[in-house]
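Next up: the structures, one after another.
Two complexes follow with subunit A in common, the first pairing it with subunit B and the second with subunit C.
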Partner chain A sequence: MNLTIILAVTVVLAVVSFFITRLNKKAGGFLTVIASLFAFVGLFLLKGSIGGEFSIFYFSFKITMVGWYFALIMVLAYSMTSFFNPFWMDKMMYPGSYNFMYLLSMAGTIGMFFAKDFITLFIFWETVVWSSTFIIQLGKSRKASYVYYVVSAIGSMATLFAIMMAYSVSGTFVISEAFAGLSGGAAIAVFFTFILSGLAKIGIFPFHVWLPAAHGNAPHTFSPVLSGGLVKMGAFIAFLSVTAFPAYEIFSGMFKVMGTPFPIYFLMALGAISIIVGTLMAIKQEDAKKLLAYSSVANGGYILIGILMLDQVGFAGGMMHLVNHAVASAAAFLAIAAVAYRTGTTKMSEMGGMIHRMPVTYIVYLVAIISMAGIPPMGGFVSKWLIFQGLADKGMLFLAAAAFFGSIGSFMYVFRPLSAVFLGQTFTRDLKKKEVGFFMMLPMLILTALSILAGVFPNTILRVITEIQASVGISPVTLAENTIVTVNGYLDAFRVFIVFGFGFTIAFVIFIVRRKSKKVELMDTYTSAEFIHTRELLHYSSKFYAPFERLYDKAPDTMKLYKKIAVKIGELGNLTESLFYGHKPEKTVFWVMITGIFVVIIGGVV
Partner chain B sequence: MINPVFMIAIPLILAFLSLVAARIKKWLLLSGVLINIAILFFLEKGETVIGGFKPPFGINLILDNYSMVGLALAGLLLLAGVVLSLDKADKYSTVLLTALAGINGMLLTGDLFNLFIFMEITIISAYILSTAGKKPEYSFNYLVIGSIGSVFYLAGLVVFYSLTGTLNMADLAAQNLSMGTPELLVPLFLIFTAFAIEAKLIPFGGWVKGVYGNSNRLTGALFASVYASTVLFVFGRVFNEVFALSGAVQTIIVLIGVVTFAFGEAAAFRQVKMRRILLYSSIGQSGLAAALFALGLIFPAVLLVISNAVSKFIMFSITGKLREIYKTDDYTDLKGVFFSNKLTGIAFSISAMSLIGLPLFFGFYAKLNALTALFNGGNWFIPAVILLFAIVEGAYFIRLLIALWAPGKEGEIADKSHAVGEIRIFNIKKSILVFILSLVILAAGLIPDLAGKLISSDSGFMGGDGPAFTMSQLKGGE
Partner chain C sequence: MNVMSFVYGFLVLLGVFVFQTTLTGLNRKVTARLQKRYGARWYQQFLDIFKALRKDSTSHGWVFDFGVIMALGGIMATVIFIPVAGFEAFPGLDNIFVISYLLAVGMLGMAMSAAGSGNPWASIGVARALTNMLAYDVPLMIVIFTLIFAFDSSSLSEIAALQQGMGILGWNAFRMPLGGIVAVIALLGMLGKKPFDSFIAPTEIASGPMVEYGGKHLGFMFILHEFMTFIEVSIILSLFFGGGATIWEYMLKYAVLYTFMNIISGVMPRFKIDQAVKYFYRVPLAMAIVQGLVVIFTGLGVTLWF
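== the complex of A and B ==
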């Protein structure tokens, strides 16, 4: 398969789908399914041509192992989510442009991962940013789209600065050579500005503000792509900033923390903070999508820490967590979307007992959150285990503590939508709701299967990662037949699966054999002669963790920081306006004189 | 081959005719701008001496690559403006034809005093056009400030003439005046002030708020594109070819440009009225272009001027029309207005995204060229400012686009029922015209090297550098 064909076909189909949607909305939606599946298959077959270089127009590409790996994850998220598109067309204000932007942004991500030079990468990157901005605005919040764009722009402008600065030293934009010759202060400036777009995209603290806004409010059919796919673009930049930019070599002379140069450790600490912030904020959320968005923040922290370690074990964990999180979060978002498709809401307190109506969706969600929380036997367990191993190996106590905290905390938050949305009493309103159709179920089931498979046979993915590790010159993680070997021990995921499967079977048998519990209506309760009309207040999940949340409800809101900056810029604008602009000529005459005097003094005429 | 003097003579003759034959003045105007474009490509390149006296004693016109680009840009945009708003342009036929003569003269002339005359013609036409806003005090403000500029310019010329005995551009340039000396600083500042007032640089451009802010779809589009780009083109020539800037003077002018850019973008950020957003954005862009010109980075500056002119033309035209229809240009009152005007909306969006400098649009190429050229000159501070305020610029334009496209309450999905009105902004022909103009931005952004070559003929301007960055250099791997 040829990358040119993949890109050309997706871009052409993007345009075609725009016009088809105008004729028939559903057909346009189905076209996105076809196009993204085509891209997925095409990319899968592209593995044979790794190492090839070529150019289309002025874009130059190089097919690398890591690019292939990232692109595959990305397009997996796109193609699986696309199955939902046809069913949402009627709810979109601009279905045609939605489909167009959907495919265009997908093509953008593909092109970006295979870029050979930074300009190509940047062009594709920004194309993804603006096209997804126009998708997010179709969702529940205009502000979300704005926040998304601004945070992305902060990142991408910084990265452009880094690219240009590196270019001024090395004279080339080619990714593998562009950072040559950097040293000292320039190297630090380039490193931090370059990785900024990565941090912004992954949603690392303090750039995480866009995730709850955008993930939470984007059209239901785009949140899975945002969380499962687009944040991984940031991970790619993080990857480049320790490989293409040889951070460990350049900073080797610097002050080190636990054997890691300070600039890198600083970013890892930011990752750790993201884990903590993401976890705590997720616990607080009332909206299932916002909750999952914050969990993406936390998981982004794991990914960043893993990738930045650039070692044998932790790095492999970070890279593997990319797949696991992509699969799990896409599945979770799709499950929530499926529920929203039937109930029309994502607020947890407005739902309940959906397990009786949508059992398959329930299982999909269950598996997804198990994987996200890092519980065996799902994929998330393996990757988190690897990251823990890496951290423990280096003795990074603070980071490890944060990582553990995030893991425990995730039990708290992922359980909540499960209990609120799926368990408990079904709302009368929802009693007639049905499971979604097979076409929508299919991608969810595929993702669920992938989550389990990644947990049972992790070595399939890890083998690809060992090749990536080899390509960047670090020793690959040691893999035996079906075990992962580290200094501290080994993990046989299959055996873990057997043990858990055994436990599950026993529990299931007990569940079947035991007498069924009595079902009561939510309002069927004793209220000591008081009438309660707001059933949400009686809901099992309302104020679920209130005592725990009270511990940190005074925590500062990062969004305020951005708002303050915006106010300051506005004030500068105000100042400009009031100082220089008016409807009377005196003001300008005054300034002409002042400037004249200033120039004369500077020039030394007087 | 046609003598370039016709570029000035024909519009002037038509302008006089339009006074005599007032009934057909609309057609005279149309034919004037059309002839202007038609003969543009058959003009005799190089130097044309007028009146038989050899320069530096006589007056000469210079048609090089640089003035050619300026003429084409101004001519085409004026044509588009006249076609798009013929109903409004009709009344100002004489003025517009005179303005065309003045603009062509400004771009062509090789003499500083001659430039003064053409500039006066052009600016006076601008004063008259500004009265279309029906706010006399703003026009008066412009008139006073503009006159100060003219007087300053003339005063500066007097000093230069007394020092050097010539006002011919080439002759002055050949004298290699050292701009560092105090005697030259004052006249140079006087001349700079005149340009700075017209180019809207902070703190000289106080008139802009009133004039741009009250423009209609014709005058706004022409001010922000035709007039603005012409002034910047001349600015570029005067401060590169005639006076080679260096030292403190250069630093001051660059600083003024950069400050204008930053302050202008910040001021645009807090606006809710679309014309105000656009006017402050114009100020910002103008400042950036001026800074680049002052640094001698002519090619990136020209790209920036072109991309800004085309974008602003489209955006001001649409905004002006919106204001006509809805009696407001507050974008919070115009939510979802593009829902029933998709073609126009796409044109507006492409223009805005090009201004921000997003890839696939021409503005990105301009931005990359500017950044590369600046970094090549060892300058990292200005790129940092540019990129920092590009975030601000992106923020307010994207906010504007979101509002105009997607109406809806927060917490509810975007819905057409919240969109204002279903009135067509432009009729189908005009929508297509605007759309095609925006496609030019897109096409030039998709094949930027070709566009760059078309603009600079690969050789750059006035002996300066050509493209600092080309897409084809990526393939070469360099």
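== the complex of A and C ==
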């Protein structure tokens, strides 16, 4: 398969889907399924041509292992989510533009990961940013897309600046050569500005504000793509900033923390802060989608720390966490979307007991959160295990403390939608609701199977990662048949799974041989001799962790700080406007002259 | 991995069940004496479990049953991984992260089943239990992290073996005294002993997660509790008190540690859940970090320092 064909077909189908949706909404939705599945299969077959280089118009591409890996994850998220598209067309305000943007942004991500030079990368990157901005706008809130765009734009502009600055030294835009010859202060400036767009995209503190806004308010069918896919573009930039920009070599003479140069350690510390902030904020959300968005912030922290370690174990963990989080988070968002499809809400306090109406969706969500929380036998466990082992090897105590906090805190926040949405009392309004249809169930089941497979046979994914590690010149993680071996540990995920199955079987047998239990109604519970007949009143869902939330409810809110800054900037703008654009023209002339003189004097002095 | 491993695993389960249930029975007596009561017979715990298994039960839907099975299954799998006096049914799988996260499968199953009962008391209990876990686990994991860094191993049996043969002062609890104290306090939290037992507070939230269980479900919960106790005490025993060179040494040390926990619990009042979090994030967390920094930067404790 040829990359040109994949890109061309997806872009053409994007345009076609726009017009087809005008004629028949559902057909347009199905076209996105076909196009994204085509891209997925095409990309999968592309593995054979790794190493090839070619150009289309001004764009030049190079097919690399790491690009293939990222693109596959991304298109997996797109193609699985696209199964939901046909069923949401009626609820969409502009279904035609949605489908168009959906496929266009997918084409953008594919092109970006295979870019050979920075100009190609930047153009495709911006295609994704712009098209996804317009999709987010189609959801619940217009403001969300402003937040998303502003944060993305800050990142993009900084990265563009870094690319230009690097160009002025090396004279080339080719990714592998552009950063050659940088040193000293210029290197630090380029490093931090270049990675800024990555940080903004992964949602690293203090850029994390866009995730809850955008994930929480985007159309239900786009949130899985945002969290499972687009966030990983940032990880790609982070990857480039330690490999294409050889940060460990350039900063090797600098002050080191536990063997890591300070600029890199600083970013890892930001990752650790993101884990803590994401976890604490996720715990207190009342909206299931916002909760999952904050969990993406926390998981982004793990990915950033893992990738920046650029070593044998932690790096493999970070790269593997990309897949695991993409799969788990897409599945979790899809499950919430499926519930929202039936109930029309994502607020946790307005639902309950959906397990009795939607058992399959429940299983999907359960497996997704087990993986997200890093519990065996799902994929998330293996990648977090690798990150922990990597951190323990280097003795990075504070990063590890944050990682542990996020890992155990994740039990708290992932359990909350499970308990509030799926378990507990079914609301009277929802007693007649049905499970979603097979076509919507299918992608969720595939993602669930992938989560389990990644946890039972992690080496399938890790083998690809060893090739990536070899391609960037670090020693690959040691793999035996089914086991992963690190300096300070050893994991045989398959045997863990078998033993878990063994324990489960024993428990099941004991359960079955005992007398069958009598089935009773959910309302038939112990209520301390109160008579409660309202299902809704017997469901504990809002302010789930109230005693814990109280401990940090006075903590400063980043979004409020940004809002205050925005108000101040607005006031400054008003002041300027009132001075320069008043009713009297002579006033304007006066201030322009004063400013002009002032500028001239300052210029003269400097 | 062969058939014998599974047979050994099954025998480990049986042995652990008998041992821990007996110990629980004896400790009921100890607690009773602390409170100036006569106390139940030492085998009362067995009677309770088998009686519960024989009785009729009620079920609140499939997740209520499934969660119980998943909980007991996950916990039993974890027990099989625990090395006892150097013996492992499945050699090489006693990685500390595997054990502590596989334990979470059981806990998740239990939480799921409890919340699936539809009783708000159960959900409140689960919320408190998870908060409690966040409180004790972070300081404990930092100490465990320090151990892994110090000994370049995350295998329970290896870390236990490294402490043996040097007498009592070779135990990590004495090599790294701050870490040892943190581990013991965290063990109180893990076991749900007072002062960290607000999630099962019987008089306040009607036993929390346990509120809806009866009959065989309750029997399952009793068995699960015995296994969970064994896992938690064993982790701390292997990491900080040198495990045991022989099975008898192991059992003796285990009995002493567990009884000690019980005696502390017998004379303590109860923390509110937010007080527990505040407590763990003040004293033990600070101690764990100080211990970690000492080990990482000075190496004190890795080699014997006295």
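What we mean here is this: the second predicted complex is superposed on the first by the 550 of 606 C-alpha atoms of A that agree within 3 Å, B and C clash if a C-alpha of one lies under 4 Å from a C-alpha of the other, contacts with A are read in each partner's own complex, and residues count from 1 in each chain.
The criterion applied here is as follows: a contact is a pair of C-beta atoms (placed from the backbone, for glycine too) under 8 Å apart; a residue touches a chain by one contact, two chains touch by 3 or more.
As the structure is a prediction and not an experimental result, all values here were calculated from the model.
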Which superposed partner A:I375 touches (first subunit B, second subunit C, both, neither): second
Partner chain in contact with A:W591 - subunit B first, subunit C second, else both or neither: first
Contacts of A:R515 with subunit B and subunit C, given as first, second, both or neither: second
First, second, both or neither for A:T460, with subunit B first and subunit C second: neither
Touched partner set for A:S183, first subunit B, second subunit C, both or neither: neither
Which of subunit B and subunit C A:R495 touches, first, second, both or neither: second
Subunit B versus subunit C as contact partner of A:T4, first or second or both or neither: neither
Subunit B versus subunit C as contact partner of A:S475, first or second or both or neither: neither
Shared contact residues on subunit A - subunit B and subunit C: none
Touching residues (chain side subunit C, partner subunit A) in the complex: 1, 6, 9-10, 13, 53-54, 56-63, 65, 68-81, 90, 92-93, 95, 97-98, 101-102, 104-105, 107-108, 111-112, 115-121, 123-124, 126-128, 130-131, 133-134, 137-138, 141-142, 145-146, 148-149, 152-155, 206, 211-212, 215-217, 219-220, 272-274, 277-278, 289, 292-293, 296
Residue numbers on subunit B that touch subunit A, as the complex places them: 137-138, 140-141, 144-145, 148, 152, 182-183, 185-186, 189, 193, 197, 202-210, 248-249, 252, 256, 262-264, 266-271, 280, 339, 353, 358-360, 364, 368, 371-372, 375-376, 378, 380, 383-384, 387-388, 390-392, 394-395, 398-399, 401-403, 405-406, 408, 410-416, 447, 449, 471-472, 474-475, 477-478
Subunit A residues touching subunit B - in the complex, by the definition given at the top: 55, 57-60, 91, 93-94, 117, 119-120, 122-124, 126-127, 129-130, 133-134, 137-143, 145-146, 149-150, 153-154, 157-158, 160-161, 164-165, 167-168, 171-174, 219, 566, 569-570, 572-574, 576-577, 579-585, 587-589, 591-592, 594-596, 599-600, 602-605
Residues on subunit A engaged by subunit C in the complex (per definition of touch): 258, 353, 355-356, 359, 362, 366, 370, 373-376, 381, 385, 388-389, 391-393, 395, 397, 400-401, 404-405, 408-409, 411-412, 415, 418-419, 423-425, 487-492, 495-496, 498-500, 502-508, 510-511, 514-515, 517-520, 522-528, 538-541, 544-545, 547-548, 550-551
